[in-house]
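Each chain carries a letter (A, B and C) given by its place in the written order, and its residues are counted from 1.
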Amino acid sequence: MQTVFHLIADDPAQRETALTIAENLTKDDSVEIDDIAIVAQADGIEPLTAGGNGSDMVESLLETGISVKACGNTLDLKDLAESDLVEGVETVPSGGGELTRLQSEGYAYIRP
Amino acid sequence: MQTVFHLIADDPAQRETALTIAENLTKDDSVEIDDIAIVAQADGIEPLTAGGNGSDMVESLLETGISVKACGNTLDLKDLAESDLVEGVETVPSGGGELTRLQSEGYAYIRP
Amino acid sequence: MQTVFHLIADDPAQRETALTIAENLTKDDSVEIDDIAIVAQADGIEPLTAGGNGSDMVESLLETGISVKACGNTLDLKDLAESDLVEGVETVPSGGGELTRLQSEGYAYIRP
């Protein structure tokens, strides 16, 4: 099974909950998880920026093999460059496009 | 691919973000999108009402061919008639029913 | 068709809306619903606790045959025992795991 988490909240506590739920999924032995992705957009991008609030959790999730993807439209809107992101974070053209593509490939969608 | 956006937030800024993400999806050439729908319920109905906050964005999205659907239960609850809605908005019996039907037809679900 | 609702909001009004949408789905004759489940985690767990805010709605939904599932990680984090939950509520290892499993079985996902 595969799961994509949608990270979009502007509230730091809510974002932290989202990242914790993703981390907990990696530890749930009752489901066979083949891949986990996180797609972040709007204010959800914050923990993907180097030194941003929650970026330590994103670094830790990347180390577990979770892929983390930043919405390119959000980067443009917030005047962020790829070099502003945590190392290992990928950029996708649009968050909505990536969420559609992953679900069409069979990923479950979770929006904490 | 097909995508349905769930519009439900009571916060105007959050609703605007949701509508922007829908609009951005129409411009993402990296995914082949066959249809986009928006299902609005609860306070998410506001931009679907004529003259309501954000209704200009809904009018613009309708022009791009996105279908916009209002939850009938929400209309009842808020004492709204179909004539109170932006022209071109459809009404469905329940938001939950429409979201279920569309996903069962293969639509990806995005809840900004 | 089958639907899973994700209950996670910390705001009581938002949780009540979520439970109302689940209830309304049981009354929508335009879709053939075979099963409805609610998966609650983080602050969304509140109405699943005996005497908790909104627990009367959860009791009523359980009576209609909806299955209600509490995230085990959330119980641990909040020092809650299964005996603290409304009778009939099930416990699952993780909310994210259960949401993934149900969607992989074809459930539509709704996050009010």
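Note that a residue touches a chain if its C-beta (ideal position, glycine included) is under 8 Å from a C-beta of that chain, and two chains touch if they have at least 3 such contacts.
Being a predicted model, the structure only gives us computed values, none of them experimental.
*Asks:* Examine which chains touch each other and state the graph shape they make (line, ring, star, complete, other).
*Replies:* Drawn as a graph, the chains make a fully connected set, so complete.
*Asks:* With touch defined as above, tell me whether chain A and chain B contact each other through largely the same residue numbers, more than half shared, or through different ones.
*Replies:* Different: when the shared numbers are divided by all numbers used, the fraction is under half.
*Asks:* Mind checking the rotation angle between the two copies, chain A and chain C? C-alpha superposition, nearest 5 degrees is fine.
*Replies:* 120
*Asks:* Averaged over CA atoms, how far is the centre of chain A from the centre of chain B? Could you give it in whole Å?
*Replies:* Whole-Å distance between the two chain centres: 24.
*Asks:* Could you say which residues in chain A touch two or more other chains, in rising order?
*Replies:* Correct list: 109, 111.
*Asks:* Please name which positions on chain A make contact with chain B in the complex.
*Replies:* 6, 8, 41-42, 73, 92-97, 99-101, 103-104, 109, 111
*Asks:* Which residues of chain B touch chain A in the complex?
*Replies:* Chain B reaches chain A through residues 1-3, 5, 17, 21-22, 24-25, 27-31, 33, 106, 108-112.
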